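I'd like to ask you about the structure that follows.
Read from first to last, the chains carry the letters A, B, C and D; within each, the first residue is number 1.
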Amino acid sequence: MATVLTVWGSPSATSRTGVVARHVAARLAADGHDVSTLAVRDLPAQALLHADFADPHLRAALARVAEADALVIASPVYKAAYSGVLKTFLDVLPQFALRGKEILPVLTGGTPAHVLALDYALRPVLTSLGADHVAQGWFVHERFVSVEGGIEARNGIDAQGGPDAQDGITAQVGITAAQVGIKALGGIEAEGIAPLDELADAFSARLRRLAAVA
Amino acid sequence: MATVLTVWGSPSATSRTGVVARHVAARLAADGHDVSTLAVRDLPAQALLHADFADPHLRAALARVAEADALVIASPVYKAAYSGVLKTFLDVLPQFALRGKEILPVLTGGTPAHVLALDYALRPVLTSLGADHVAQGWFVHERFVSVEGGIEARNGIDAQGGPDAQDGITAQVGITAAQVGIKALGGIEAEGIAPLDELADAFSARLRRLAAVA
Amino acid sequence: MATVLTVWGSPSATSRTGVVARHVAARLAADGHDVSTLAVRDLPAQALLHADFADPHLRAALARVAEADALVIASPVYKAAYSGVLKTFLDVLPQFALRGKEILPVLTGGTPAHVLALDYALRPVLTSLGADHVAQGWFVHERFVSVEGGIEARNGIDAQGGPDAQDGITAQVGITAAQVGIKALGGIEAEGIAPLDELADAFSARLRRLAAVA
Amino acid sequence: MATVLTVWGSPSATSRTGVVARHVAARLAADGHDVSTLAVRDLPAQALLHADFADPHLRAALARVAEADALVIASPVYKAAYSGVLKTFLDVLPQFALRGKEILPVLTGGTPAHVLALDYALRPVLTSLGADHVAQGWFVHERFVSVEGGIEARNGIDAQGGPDAQDGITAQVGITAAQVGIKALGGIEAEGIAPLDELADAFSARLRRLAAVA
């Protein structure tokens, strides 16, 4: 059994990226790992943007990374790369924060044209953090993920790149991210998400082997 | 004369990146352009991280991008790429926000090993935003930039990648970013910054030519 | 009028990449430019792989690059990047061989998942060669390009990445590349290639403007 | 004990890249692995550039890749990326040729400014080939590698990027690559190459563990 932290970085509370991150987390938990999830957007925004290491919530988040044996790192694709939200958190990690850890990278996006952002943009950053092993990752097309509830189109953020582009629950509806996430899990099409499930299972098996050796 | 917006994204108010950004801005202004500067960290943090397009400050910032003929985009290198702070702002831009605009990319960093982050990480993002022309950029090594005043080392953020790593003025000293910036300009070594100056001058000349044709 | 050199690098003489390269070349020529085409595979293979600068054909090819005002650089996507064939030629160019030149990059590929290879793999290489301006490029999906004549499937080369993967005219058929290219042009679907045509036209207009200023 | 294939791709027979590749190969062999080396430049040039899968030498090389448990992949940095010579060989590999294999990537270069070519250019290609694990790699600065014998400067190839730039033994001297390689090993400075040795040892230990589990 390994301690796994799933970190996802999207500006939206009802993000498809969050749905996918929780889906992978649930799958790893079902296989016996101790899994928790960290949504970067839930951290104090100013502390994050100003790299205020005195902030207790930020410190707690950094401690969770330090304690994890493995991390799932998930982001929407915006502007042909990972989100700035995710990167603000990776930026405050110590230089070799991922040394000795196993990483599973996951991207979500609205167009297959952005698949390579995983290996050309996200993976180099994770490698620079000293990760021992960044597994083969997966890009989930948004059409395989649904987010139910009073969704309202929001102008602006990256119609090109992001599944989270049209997220944005109206305040009146008030559906929480957790509820949306649970419902949305039913919306993951088997065929579209199957390769990710296979990767997650292989990642889980790998963590078990490593735990057995140690 | 062109309207130029200099956007820089560092978590620190007294960032070497900010010094460099203001240096380039001053040089372009001296050549007759209408130049203004936008520090991403001065935007409302929560609005930025949550992509809240209703926020008036965020809207105003987006309007400034839309009105610019050209942009200087500056970032420290953190974790072998541009900063998350800069990316959070690029993420909220419309999909082809840089179409028809000329871009000068600049990075600052603590090790020459990160030079290629400009062309492998930052440039693809700027290109995806539809920029007509992303000029040859420049990576400024931190040893060519000094920030005066009661600097106090700050643990944490990327000793590997960032000149801004050791930034962090103590509250007691209370030197404003503007004052530090002005003083710091005197600290830029001629030889180290000369190539950037040449690029800025070429960029300026190009903007003049384009203005003459239009 | 500008002097334009179209360089394409595919291992196959009947490559879809070659078809696309000749298509762009013809379009630029029709607009009044002096255009010629260089197929890297036609250079002496050993001289190229061993970087034998004494080889007269290699020297002649380098001279053509030096004399060009602008270059169209075309490659299939193999293994999520430009072809090795193209890169062997770029490798023997002087360090800043593209300084003062305008570049139009073009990729062909069998899956939209490889679109970003243009901006994350090819563009950084062209930028490192000192190009003044690398225009917005285009990725042409192989389904918009047809190569007529007795095509015979060939095992091996990158079913993942390359439109040229199934190229390989049988010797018996003996159709020359030129003939195939001409026929194939008729096979380019208007809708699929239109964005490339627009880019080529914009590139041509830009070359005219630059010639007018000089 | 694992079967390891070291593949290096440089246009020069007396390449510093070759020296480094043989150094790593010797270290892995000394630790008990079955190691052999493949210099891409020794393959039939035309077969390689034209992807002629009927060529027996090319087929034999592909078979060696298929049989290996692990590969060391080495290249000089040319034009801010891996060499075209190396890529021509990677291009003829089957789509997922590295699936189930462990990879250690190594670059050599003349300037630290090119360090990131490893993670932004070479690693994505190796990942696209399906490698289970691409270990943390190393960039060896040319000043840590010496090649003895009548070296004669050669004009042209990438003064910017390549340690192999000034390689090129005169025919009269006639020193073979093997002899140069052996001599050159003595020229590797302990401090400069130590991190690579550590990575190679960790790679070796990993291969042993995997062999024990299997």
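Basically, a contact is a pair of C-beta atoms (placed from the backbone, for glycine too) under 8 Å apart; a residue touches a chain by one contact, two chains touch by 3 or more.
Note that the coordinates shown come from a computational prediction; the quantities given were computed from them, not determined experimentally.
Asker: Measuring centre to centre, with centres taken as mean CA positions, what chain is farthest from subunit B?
Answerer: Centroid comparison gives D as the farthest chain from subunit B.
Asker: For the identical-sequence pair subunit C and subunit D, what's the CA-based rotation angle in degrees, nearest 5?
Answerer: 180
Asker: Report the inter-chain centroid distance for subunit C and subunit D in whole angstrom, where each centroid is the mean of the CA atoms.
Answerer: Their C-alpha centroids are separated by 28 Å.
Asker: Can you give the whole-Å distance between the Cα centres of subunit B and subunit D?
Answerer: For subunit B versus subunit D, the centre distance works out to 38 Å.
Asker: At which residue positions does subunit A touch at least two other chains?
Answerer: Those would be 80, 116, 119-121, 124, 127-128.
Asker: With chains as vertices and touches as edges, which is it: line, ring, star, complete or other?
Answerer: Topology of the interface graph: complete, with all chain pairs in contact.
Asker: State the interface residues of subunit C toward subunit D in the complex, per the touch definition above.
Answerer: Touch list, subunit C to subunit D: 11-13, 40-41, 45-46, 48-51, 53, 78-95, 120-121, 124-125, 127-129, 154-161.
Asker: In the complex formed with subunit D, which residues of subunit B make contact?
Answerer: 80, 111-117, 119-121, 139
Asker: Going by the contact rule set out above, which residues of subunit D touch subunit A in the complex?
Answerer: Against subunit A, subunit D makes touches at 116, 119-120, 123-124, 127-128, 130, 132-133, 136, 209, 213.
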